[in-house]
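Both complexes below contain chain A, partnered by chain B and then by chain C.
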Partner chain A sequence: MPDVSLAALAAQIFTGLVLGGIFVLLAIGLSLIFGLMTVVNFSHGALYMLGAYAGYVLITYTGSFVVALVVAPLLVGALGLFIERVLIRPLYGRSPDDPLLLTFGLSLVIVEVARIVWGKIGLTLDPPRALGGAVNLGFTYFPTYRLFVIAVTAVVLLGLWIFLEKTNVGLVIRAGSRDPLMVRALGFDVGRIWFIVFGIGAGLAGLAGILAGPMRGAYAEMGVTIIIESFVVVVVGGMGSLVGAVVSGLLIGQVVSLTTFFAPKLAEIVVFITMAVVLLLRPSGLFGEAGLLE
Partner chain B sequence: MRRLVAWVGRHPVLGFVVVFALFPWVVPYKSLATQVLIYGLFALGFNLLYGFTGLLSFGSAAYWGLGAYGTGIALAKLKVTSLWVALAAGLGAALLGGAIIGFFCLRRRGIYFAMLTLAFAQLLYFVGFHLADWTGGDDGLRGIAVPAIGVAGHRLSLDRSVVFYYFTLVVVVLAVAGLKRILDSPFGAVLQAIRENTDRAQACGYDIARIKHLSFVFYAFFCGLAGALDALRLTVVPIESLHWSTSGQVVIMTLLGGAGTFFGPFVGAGAYLVLEDLISARTESWPLAIGLIFMAFVLFLPKGIWGTLTGGFHGR
Partner chain C sequence: MHRRTFLTTSVAAAAALGIPTILRAQSKDPVRIGVPLPLTGPFAAIATDMKQGAELAVDELNARGGILGRKVEVLFRDDQLKPQVGAQRTQELIEKENCQFIIGGLAAHVQMAINEQTKKSKVLFISTSQSDEISAKPDTSPITFHEALNPTITSRVVGKWVMENLGKKWWIVYADYAWGKQNNAVLTEVNKKMGGTVLGSTPYPLGSAEFSAHLPKIQAAKPDVLVSVTPGADNIAFLKQVASFGMRSQMKIAQPLHWISVAKQGGPELYDGIYAGTNWYWELQDSIPEAKKYVEGFQKKFGIPPGDYSCYSYSGCLEAARGAELAKSTDADKVADALRKSPTYNHLKGKQWWRTCDNKSFQDMWIVKGRGPGKTKGDWGLLEVVARVPASEDMDRTCAEKGFA
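Here is the complex of A and B:
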């Protein structure tokens, strides 16, 4: 066991918060889409990857990180809208396995296209100059950009919460995830809600991608491992539960980060062990309702 | 063509033997024929779970890999001299893995199940990656010497590709006959009842949890057998055996051929491998091609090649 200084441990907890934030953004999108449409979007990781590449392209052409941060998620969200309309829509009414299978095929296609367009070697994204360097937190220095990621994640989550809890569209979305049949019976166009939600989920994946870009670079396979981990986050949190996705994303972020600190070899495995333990103790996940959406 | 398909449909195991006894002489090279048999067996196992029980697993690589590493480690590290003992080691590993992971995954239904199987397979991938002393880690497990087998008092070496093909054929025919026996049994009928309507099957008094678990263990068994045979074919176990892309591959093969049909998995494995052979020779972007083909099948041809030829989900 390494010599544990409190400062190093605190820095590691902050790193876990950053990782957790990325998990939360991905898991919320997955969970929203799943909760409402019972569609598991396997291509979510590929959209995350596209977010990072879109960020790279936008930074290169506009020179502005802020523009990239805003436009990249919008572009990925628009692609999400297209995917829902053209590819997922024909599958409604068929087995819930079919959209999963289709988006699995789609993720192969997107990853390969990214390899063709941007090459097999990863690209690096520079954080904006204002966010370079490190900030003194009192007990340790911490990279400014990572603090920025935590802040953006928090703001976006707050915005999403207000949207879902305080607006009429949000109300219909929440109702739709409880009982789509009833929402339809009340005269709402469920198809349009699904369309919007798929776009939001895809946009959040794109946002996670561009946020992660300056920390991890952009490469075609970057979405593969993280999508599996995000599935775990969703299962642990309880499928369809947004609070669950947030808590479990932050939890898994800490678990990974602290294991990296104390036992680096176990870092990749511990995610799945956490999942197995939760499944044994609470099969429906931390915040899931038993039998919901099965 | 149509009459041939119908005949094969009526005498599945016999038809299988006839077709695959001639098969190596119609494909460009023998090793491709062996690959079709082994991946067909892999898809057969997946199909038992997905096509007949209605459970979509995205973690088949776990059992394929356990079979491959079990057999490979027995031969390369433990210096086992009997091929049968080595195969048994691989099958034992796959069965045990299937029993344990199946228990966890079957705690949830539907789409959760797919995600859980994927997650557990990823867990095994990382374990295999880090246990390099036993698995060879990133380099793969090397140094697998395939022992000769005793046939009617003679020692038969499996080194030649034709000999290995017919050895594989015998093993796979036994597995196909075994699967036919399973599907024709009352147990097989209950599996299909679960696929059609789980709640109703439960209401009929069947112990759904136990039957699904048993189906999962059978699935792990067939996948493990296929993985073990592949370890013998390659004399190497690459770490990709446990990778999620291997799980994806068997999903694609089964759906191309036709899920829930008896021969679909072999037709799908054949179509996949021949296409891969043809397309990879011309372009590096094979995943793009197979991704598009697969999407087209999900959207427009969900019954797959064999399912469409024989008239659907139930025409096996």
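Here is the complex of A and C:
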């Protein structure tokens, strides 16, 4: 049993915040896309991976991490727009299995393309020099870059919240995730909303990728396990619920971090145990509404 | 088409296709070596090095007339670091591609699955990665050979060296699969025997890129030495995150192994001052003539010096060839007998030999240390040889301990 000092626990909670932040960025995109379009986007992990690689390329060519941090999510978001328009749009109105299979196949293609372009061996990214060291938080040393990740995630979430709560487009998106049929009946161009939402979701996945790159490196398979965990986050939060995605992402981050602290052998499965428990108590997730999938 | 006609035609077609295969196999067809490796995933860098080692060996074999006067071909398959895929690819290599030898594997758990297939099909298998079980009963077989070091040897040697030179209070972080667990067990045993303390040992799932949740409590425990049993790409992610938590100045770091292909990717700063064992390092060419020949051949073909693990696949291919020449056959039992009858060889690092009870290769190993930025020799001279540990059968468990009466 490790020494359970308050300082060590506080440090553990900070590491959990970073893990949770990445989960939240991925889960929000997944949840938005699912809530609005009932598309289970299996290519989300591949888009996350592309974010990291795009970041690598941009840092190499421009030498600026800031440029990479802004441009990489835009590039991945643009790819998301393209995927929605060209590949997913023809499948609307069909059973949810069709886009699921399509995006699953797409993720295999993207991973293989990444292997061809960047090689089978992963690449390492470095955080910018200014964020390279560790900060003394009083109770522990904590990597400056990880604090930066927490800050960026918070800012992006705030921006997204303002966009969804305070703008007209946001209002329609929120309405659409509650009741797409009614929104259509009110005469909104749902196709256009879907297009934008898919782009935003993809962009957030790209952002998660470039943020994770300097911590975890970039490699073709990096999206494979995290996509599963992100789906768990979405399910725990409630399919389609944005608040749910945020709360459950942060929750799962803490659960993983604290389990690693107390019982590292369980850290791999604790995510699924959490899901099972939540679903037993609340079958549609923490903030979910029943009946979305029916 | 009638069902009956369909059946007869297909049977005839199958026969027509099948018979030439049998005929061909008996004539002067090439000898085929099948090499399953995890060419994608966290071990991709090491697997690529191993692929090149096998390619060079086959080039050299063909340049000197092949095996038994037959041309040699080498076929690679991606086992994706999964036992079931490894088994499937091996079966294909043997049954569809008619490989006479299987040489490869780069993961303790996958090589066991490969071994099950080669035993079943009676094909000689030379395993080229670490495992304690592969050369012990009940898993091993008379036609299973083990070219690589194993966790017992590696961690006994490295553990003793760390106790004597770096410190006695350890924290071990290990990948939660066969190789990691075996190393953790041996390291813990060595530490206890020599009067040390293992403050903690934490498993993590192989192929992880996120270690941060493990680090605060290690930092709080203040070990003298952090022992990192984190293979392949995991190694880079682990060391980077350890550094980012400011732990490099708080404790020393040691590993059972350095992999030069991985260290190259991580860069000199990351590996600065980190100690580890190795089965080989290209700068040994300064003192070992066979190593020099190997480095020159590899450098000429691939433009880079060979890594540690390519030695296993290179040496493994040459041993299969030596065995076949001695036995005048590619039959697994005959080749295996020939190798046991004439067990000594030297392809790239000085004398090695097969122990006849368990077909385990014994060989020298070395302790190396990361040189750090500004002190490297060219792009690949990242390590400095600190000590040589001469080969001895005492390094491994005894024949009796491994189940051989």
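In this section, the second predicted complex is superposed on the first by the 292 of 294 C-alpha atoms of A that agree within 3 Å, B and C clash if a C-alpha of one lies under 4 Å from a C-alpha of the other, contacts with A are read in each partner's own complex, and residues count from 1 in each chain.
Following the convention adopted for this analysis, contacts are C-beta pairs under 8 Å (C-beta built on N, C-alpha and C of every residue); 3 or more make two chains touch, one makes a residue touch a chain.
The shown structure was predicted, so the numbers you read here are calculated from the model rather than taken from an experiment.
By the touch criterion stated above, A:256 is placed in contact with chain C alone, chain B being left untouched. In the superposed model, A:138 makes contact with neither chain B nor chain C. Residue contacts after overlaying the shared chain place A:40 against chain B, while chain C stays out of touching range. When the two complexes are overlaid on their common chain A, residue A:187 makes contact with neither chain B nor chain C. Residue contacts after overlaying the shared chain place A:215 against chain C, while chain B stays out of touching range. By the document's definition of touching, of the two partners only chain B reaches A:232; chain C does not.
Of the two partner chains placed around the shared chain by superposition, neither chain B nor chain C is touched by A:93.
When the shared chain is aligned, chain B comes close enough to touch A:108, but chain C does not.
Under the contact criterion defined above, the residues of chain A that touch both chain B in one complex and chain C in the other are 115, 225, 265, 268. Taken in their complex, chain A has these residues touching chain B: 34, 38, 40, 87, 90-91, 94, 96-98, 100-102, 104-109, 111-113, 115-116, 224-225, 228, 231-232, 234-235, 239, 265, 268-269, 272-273, 275-276, 279-280, 283, 293-294. Those residues of chain A lying in contact with chain C across their complex are 2-3, 5, 7-8, 11-12, 15-16, 18-19, 115, 119-124, 127, 132-134, 140-143, 145-146, 215-217, 219-222, 225, 256-257, 260-261, 264-265, 267-268.
Residues of chain B touching chain A in their complex: 56, 58, 104, 107-112, 114-116, 118-120, 122-123, 126-127, 129-130, 244, 248, 251-252, 255, 285, 287-288, 290-292, 294-295, 298-299, 302.
Listing the residues of chain C that touch chain A in their complex gives 39-42, 44-45, 48, 176, 200, 202-205, 207, 209-210, 212-217, 219-221, 233, 236-237, 240-241, 244-247, 265-267.
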